């Protein structure tokens, strides 16, 4: 046993060692590297940057950064207040309605508890909601329902459904089957089974995800105003248009503070339910 | 020669892990450090190469006092002390060869090590060591593909390729099955004998310690309780180190084991 | 366990009386807040339009179908731009997110007192603000175009990637780092050998995940003038060219599905 090994080591002494490459086939490795490098070159070449314009913009950039040191909360206080309230209102309503709708759809989109037709229908809804972005949905809904927070509310609810149902369904699909079976074995009807066998298992995660989604909804509500769907975005857009950087800085600071607060709260709540 | 003088470690929590340890380990001596969990065995080993900063006291490795060294000089000295860990502590996503070569990090510059361009002499030595521990065929396997015993052998190679004077071994067998534990212990002791290395081996398995080493040091609550040959470990001594228990069985088992251990 | 004595019979209840009172009160407040918010929305909504909505939706549908397929010839360049915005933005973001994450992670930050809070501030502020807002801001500063889009995507992604990355760094196995330190390795070598291999899978996953999201976001950046296919979308919307709008929406949908497929494939290959 030891003799052949000793031979083997003698053959290896003096041989250069190299880390085995990630992609074993050399031609594939080089094709991938060359393809990526080629893409990067092409991408850089096709981007048109007006460096003069960028250079001129540096002053404005500096002005904007400076504006953060002296944000102006007061001169447009009325607009900011209204916009923030509208954003919060949209966040609250859309989160409540979105979460309420996404629970049944999430149940329906879990293959292990829903019959096939229901499963397909629910998965379809989830797929559509996830593929369409908030801002595009908002444009369409503004066209249909007119300007205002109603369109924003509907947009966020719709987006919440796609996000939450998918994750809820995945959570249900990966739950512990034995616990659920034990409840079923006791002769529980379907609703009781969900209530006792499934709900306790997925509840902590559902609460965590809901908190996370509220956070996202607030952030998204800040841009819906750009397309006329209500919220702080409209105020922000106006501030940028008028080059009122100090007001814009104030609004951005407010958004960051609210998001941080929400994250902090959701951290506490998640720690408590888990 | 390693000398510890009044080595003391108090953690921020106020726990006195080491209470003024004095110890001398001559060149080429393999020493087993026994004691219950929390006795300060790990802390002591880590205070020697300053993975844990001692609170006070001195650590002499030959003519260098380690506790006062700057971080650069400390790195130079760490190269003299190979360390072997409890849970192997291999970098799991690197290959066996990379793990072994990482023992040479103290000798090569950053970019060379980053680009994996180690000197050929290091690579040769790595092959020799892997051959010695019987893992030559595993060179390009990733460390997380190996079994526990194999990983610990890689860990041993990583420590030895540093070309150390001293091995610090922290519970080398704690996560291994009894047979592999013995093989690993035997390997470590054989290698120490071959290369004339001194070693401090933390081990909680008294029987295993008695089987392989020439000197045993017992630690209890951060203080030295026993220092002597393995034969001197009587039930009374074990009781002072570990507390009241029927020790006869343990010691007898050792003798039985020694008979059958020829394979 | 709350047990109620009632006529000498012990009745088990899930919650004690005060607990259930608090719960009911909580629900009451929740419902009240929701109703108040709903009223706010309802007050500024012209319900006449809402009643009319189905007819308008049908009207738009009629105008938008069939999509103007011939228009696709003009979409090649915008699609290329969109891809570039997402990819270059992701690459720039990753190169900046890596050092930020190392500065923000508790176990690698050079100073928990000074450097870490700054890194965390960078992460929070870039993450909280949507890429559309960053684009709006950058257009005001450096002018409209693809470049503003790239920078907007990059800034938005820094915080996102750095947050996930520093969480991964904080979860690494310390004993592997200790082992590399014990060999006498320098600070940078410890990073390259002890830390980087451990977070590499997480890093690759984050990169692909964020690239997927960035493809989605870069399709709409054009709405504010930051290049890509969104420019065509907003131009078509402005002139109410609904058949073009529907074609663009189909293209965007297609791009999103493809990017999700690619990212799922790549993630599967890594893990």
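Per-chain numbering from 1; labels A, B and C assigned in written order.
Simple rule for what comes next: a residue touches a chain if its C-beta (ideal position, glycine included) is under 8 Å from a C-beta of that chain, and two chains touch if they have at least 3 such contacts.
Keep in mind that this is a model prediction, so the values were computed, not measured.
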| item | value |
| --- | --- |
| Touching both chain B and chain C (chains) | A |
| More contacts between chains, A-B or A-C | A-C |
| Distance-maximising chain from chain C - centres being C-alpha averages | B |
| Gap in Å, rounded to a whole number, between the CA centres of chain B and chain A | 48 |
| Separation of chain A from chain C, taking each centre as the mean of its C-alpha atoms, in whole Å | 4 |
| Overlap residues in chain B, where contacts from two or more other chains coincide | 98 |
| Residue numbers of chain C (touch at least two other chains) | none |
| List of chain C residues in touch with chain A within their complex | 33-34, 37-38, 40-42, 44-46, 49-50, 53, 56-57, 60, 80-81, 83-84, 87-88, 124-125, 127-130, 132-133, 136-137, 140-143, 145-147, 150, 216-217, 219-220, 223-224, 233, 237, 249, 252-253, 256-257 |
| Of all residues in chain B, those that touch chain C in their complex | 49, 51, 75-79, 81-83, 85-87, 89-94, 98, 102-107, 110, 113-114, 155, 158, 162, 168 |
| Residues on chain A engaged by chain B in the complex (per definition of touch) | 5-6, 8-9, 12-20 |
| Chain A residues within the chain C interface of the complex | 39, 43-44, 46-50, 53-54, 57-58, 60-61, 64, 85-86, 88-90, 92-93, 96, 131-133, 135-136, 139-140, 143-146, 148-150, 153, 219-220, 222-223, 226-227, 230, 233, 236-237, 240, 243, 248, 252, 255-256, 259-260 |
| Chain C - residues contacting chain B, complex | 173, 175-176, 178-186, 188-189, 192-194, 197-198, 200-201 |
